[in-house]
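Have a look at these structures, which come just after this line.
Here subunit A shows up in two complexes: once beside subunit B, once beside subunit C.
Right after this comes the complex of A and B.
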């Protein structure tokens, strides 16, 4: 696929899942968001400001920075809690944050969403026996998350493909403009639980049709 | 209320959260999406379409072609049904009289049945309904596909026009290399592929040919069950389009195939852990697809017959000889294809070899048939002559029943007979012909050389180059045979297939999963008997057969001079090129220092004769066989080159030119040398000696193919020298790949055969130790100075070389032992991880397979 993909793996306890996921997703989104664009008549624009906020985790010894946008937080929280519920107990799962671009297509086809970066976070949930182990895990996961954050920043610091800044008419093809106070790149959060890791039926069918149509 | 003017005024409503005034400070200019070509989702498909559009000569041509195909299809079906059901043949054959009132002439419309009768006949006939339904479904499918394609290719068209800045009208006259160069250029600006800043030619090739490379590799490693030993026919090859389609369906894109999408293998297939389970899964899938094939067999059969009938009868009618005409078989195309060779490159190569190949096959006309044919032709001819003479005298003869048809039949008969009668002026020289063929097709099994006159060689060659009639016949029986092959043959190989895909898939950044053979890495897949000895670390299992890696590499480097291969590869290429050039210049610069424009044509030909013929004579000399053999070899090579003569002079010129470049301290790049030679050959013919001039890439590519021919011949020649004494292993006789990979290592690796083994080792030090290249070079130098006593002198020199070779043997032996100890087949799996080239990562799971049994094949 013509997109970068990064994989992060974490091993956490069941109650830590939500916070760990939030920490990582928010960290990535922090770097992939910008202030709102205000377009001027001459085709230039200025960028609004974005506030940040420190979040302390309850179950992990960890503090992360996120965009201080309640709306964005709500959206992410919703996705993560769905993932957590689906995970239910121990097991493996994967949550992916996919940044994409829309491409307008001609009439018979719907708009294409073309991903340019996919972050997959693989989660391994473990059960711990006693409080002491939990305490150790609390610290260890904190450390691990710190590493991951640095990892993320390193990846983002590389000069690699980013969609070009759009003009006013195209801003919806690149950025998610639905939020009032912040403007992340268009993103999608999906998750998979290990049991159903195989490709879904619909994608297989779509591919089959596409393949038969290809020259 | 009075109106106050206060300083307090309502602020302009603004939700801007930036402080007022900042708007003026921080202004950004959006770049906008000026082009829509950045970051294309499916680059595989995109490049394939770009290539297809180029091959189909632009959008309009493609559109028209597709429309006509659709119409043709309707016509074929409609006309067949009409002929079968709506024509009253009795009227046509005048068995039944029509009672006309006005005239006695029978008109065509008289023979047509009325519409209601006709439709009733169709409705009653279940078979016709069946055929009609199938064709209807097929046609609708084609129609939808056509509409879809028009939309897609419209986009590609605008890509050509807007991004590549090429109009559709100039597209047919642009070479693919030009288009490709522009794509590479475009990448810097638009970032079509987001993984890399720059695309290379190899990336584009990899994407277009991803699956074809796999197929070539599988045929090369004899993995696909296409050769069979039949009780009556002996060894034969069966590989049809239907079978190929099924293979691709199973491996690449069908439901549940090994590939997740176009660019990546499913991750479970990359891991060695549950290979048995996966093999079971694959086997059952093959079984189901085989059964589906069996069930659909009548449908496919009907379709094939319809299609074959209408596309071939017309040809047969027009020129009966064309049935005898041959074509390169589908298997041949796979066997002869290089890795990373696009369709048009392969086609042009094979077309060039066509004439020589058919000549070669014609050498083997059976004398018995000739005698019969001659006499049949005599009798048929005399009958025909009489009939024609009578007709000329009085054309009423034509009105007699069956006279016209017998004239036609006799004509056909004579034409067929004539194709069995050899040309009176033709000389039987198969060895030469085979050499010419080799220069175009680039691959042949080792044992053909020197056995060209044998009937077995001819039979084997006919597997690559079959009668068109056989081709059609095979296509027709394919629907019946395909399911049998799938169910009984391919299913048994499922474990090998799983292993193949696991072991020979690498993930390349920016390309995805590709066949590792297609990386053309000498180190990983080189074959020691094909000049990459000492450089290759491949185990027997990993080596590509028939020097495919090396030849493909040369081919790719020559066709894409701009390509920058990795370090060792560059070394290999330049070393080989230098050798071939030395070969060429060793002759020309001695006899005529550079100024070939002054040389008479005769001496030019003499040069041509000397060049490679020394190679062959040397080889025979080394063989220390009879001198007349050497002479045979000489004339043999000479004629091979003479067949290339109009262009082969370019190599000499090119060689000499690059020599001057080097001499004058220029580091002449490949393209420079080629540019020189391109213009050179032209100026020579016009008699002037101007070196510089304009060149087009077309000229370049034309000479590139010649250069490749010469390199191919040279490499085969060297290979022959090297493999002498060594146990020859060729794909040809291999029935099963497991035989070869099991039995060969013991023999080749452990057998103490230092003499033949020594040469490959010394390659790395061409200056100190005589390598095989040194022999022909020096020999050619000698022979060019003393043209008269060529045989003797080359004998001497070669024997000297051989002695010096054997003296250095003892030094090389140590290294050899180490190598042979490491080269047990286990390495095929264990070494995979560590042998990864720097520019791509192998699958990480490979290294964790130590627990796997070394002899994978034996488990089956």
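Right after this comes the complex of A and C.
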């Protein structure tokens, strides 16, 4: 199975990095999150309800919709914050949101993580000289993010491969069931920073890579 | 094309499409309310949240949608459209976007209705939630209020995009294939908003082509309502419509748009804070004698915008009569009182009688004490202070007991002392109601019992203060000499304590 890969590129000011990443990541996760599954005895299941919240950006003329889950928001914010800190100053970086499935392997082999969709957001950070430029940047970045949201929606509505709905025993191989109010597909967030010399320095979130290497 | 579709699946599919259409309308209209939307996730399925999304139902919107659908479903050649338009306070309107839910002939026979179609419709609704915040109309709707409102109109049938102007853009929200056709959701939005900014400042009549031909009767019949559309704000249902909403799901009230006008008291307060000197009546309202603010119940009665206002004129006219009738004030500072009286007498003869009707309207006025004001322990009459209009201040009316503003007199027709507090000083050449008066405006909270002078006098007097003693040359040079002399002694002391300083520096590092 081929992994679908999509790349989004944005150019933002340093203070806009966080909100721009949140906007795009949350937009993707909104489409890739379901309500909590409740399995019934006959092998059927019912699905909980997903709420949504409008979030206004402070540094960008933009409003995005995210899933109404504080837990999920905290996780995403943490990842974005680490990315932003790593990206300090002007430079380039890339944050990736990967959706994967776990495939159980026999002992002694560990479970495989097979990605089925990867979203890469390339960020180019610029520094602006004056307030007028910043104001223009506010509006421009808002428009660009709007275009990116349309791109995301376009890709998602192609309705290409999605993992099939799992049975109760398999649900943890497809969905992240750790949250109490929503259930996104299993995902991981990684990022790379390109320093000023152009060499790429890989940095991976320790907590999430443990899933891949866990024995 | 129903071949291959079981009756149950067909029934489910119809239900899905119907509720999808209703939820689509809800999402679009709610996104144009001007408020941020927030709904809660629920891990336990409630059974009433279609497509596993928490989308509230505004009954009025559901009603309109059902009325437009009239029992039909979106199908091939039958599209459900939601038109969003903008209407200015002057009555001009402009179509901003049209959302179309259409069905085409491309069928996906193999798709499972109850799982795949349902889930894909759910994803499409999420996409709609995201896209409705991205089109230009969203920002406009968030700022609606005074100048314009956002309206919606639902119609069924052929899509009409003529009103979107030239160069409109289209964005496709998504598609879902079903065994009976492919559901497509798109949005066409206007890009040329310059039309609106130009028209806002035109005073000419609106172009009839826009208004009259703007909305065409839907081909499916039914009388289109004469109004432009429905405002994108939720109001409680009218009694007439109450019965019709019985079949809708329970809804929760959604925030109304901020169609705010300043309440009259606020408007009035803002006027009171600034009084151009030329306004005759206004001058009295900022009468600083007791730092009292006159708060008018009526907007027009208290603050006059021009000299020709009858109530104001009546005030001025009736004042003189009253001044002649009221007894002399007790007075404190004799000198001040004299000047006040002189001014009064000079002007009182100029006034003429006027009808008593405006007087009654003035009875509505009340008087408030300004903040941080100490009520004078002794009754200070306005005339006793050196005030610009002391001559016209009410005599014997400075205490609340006698204050006609607080206790209006019983007989309005007779020249009551009420209007005395509202008159103004006439200028030298004035004699009629349209006088312009130069007012010595006293700043708020100014204490006039200590230094009876106005701001101008104060400024002139203290404009050239004497130089500070420490800045004078001979003193500074003297201190410099002293410093130089004491230097050796200071150095000796510092050298003696050198160890202490070193220890301090080490501590800092």
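Assume the second predicted complex is superposed on the first by the 193 of 215 C-alpha atoms of A that agree within 3 Å, B and C clash if a C-alpha of one lies under 4 Å from a C-alpha of the other, contacts with A are read in each partner's own complex, and residues count from 1 in each chain.
Note that in this section contacts are C-beta pairs under 8 Å (C-beta built on N, C-alpha and C of every residue); 3 or more make two chains touch, one makes a residue touch a chain.
What you see is a predicted model, and the numbers here were worked out from it, not measured in a lab.
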item	value
Which of subunit B and subunit C A:114 touches, first, second, both or neither	first
First (subunit B), second (subunit C), both or neither touched by A:3	first
Partner chain(s) touched by A:40 [first = subunit B, second = subunit C, both, neither]	first
Touched partner set for A:163, first subunit B, second subunit C, both or neither	first
Touching partner for A:74 - first (subunit B), second (subunit C), both, neither	neither
Residues of subunit A at both interfaces, subunit B in one complex, subunit C in the other	35-36, 38, 46-49, 165, 181
For the subunit A and subunit B complex, residues of the former touching the latter	1-4, 35-36, 38, 40, 43-49, 101, 103, 106, 108-109, 112, 114-116, 160-161, 163-168, 170, 173, 181, 199, 204, 207-208, 211-215
Footprint of subunit C on subunit A - complex, ascending	27, 30-31, 34-36, 38, 46-54, 56, 61, 63-65, 67-69, 146, 149-150, 152-154, 156-157, 159, 165, 180-182
Subunit A contact footprint on subunit B (complex, rising order)	16-18, 22-23, 26-34, 36, 38-43, 45, 49, 52, 141, 144-145, 148-149, 151, 154, 191, 193-195, 253, 255, 260-261, 263-264, 512
Residues on subunit C engaged by subunit A in the complex (per definition of touch)	36-46, 49, 52-54, 115, 120, 123-124, 126-127, 129-131, 133-135, 138-139, 142, 171-177
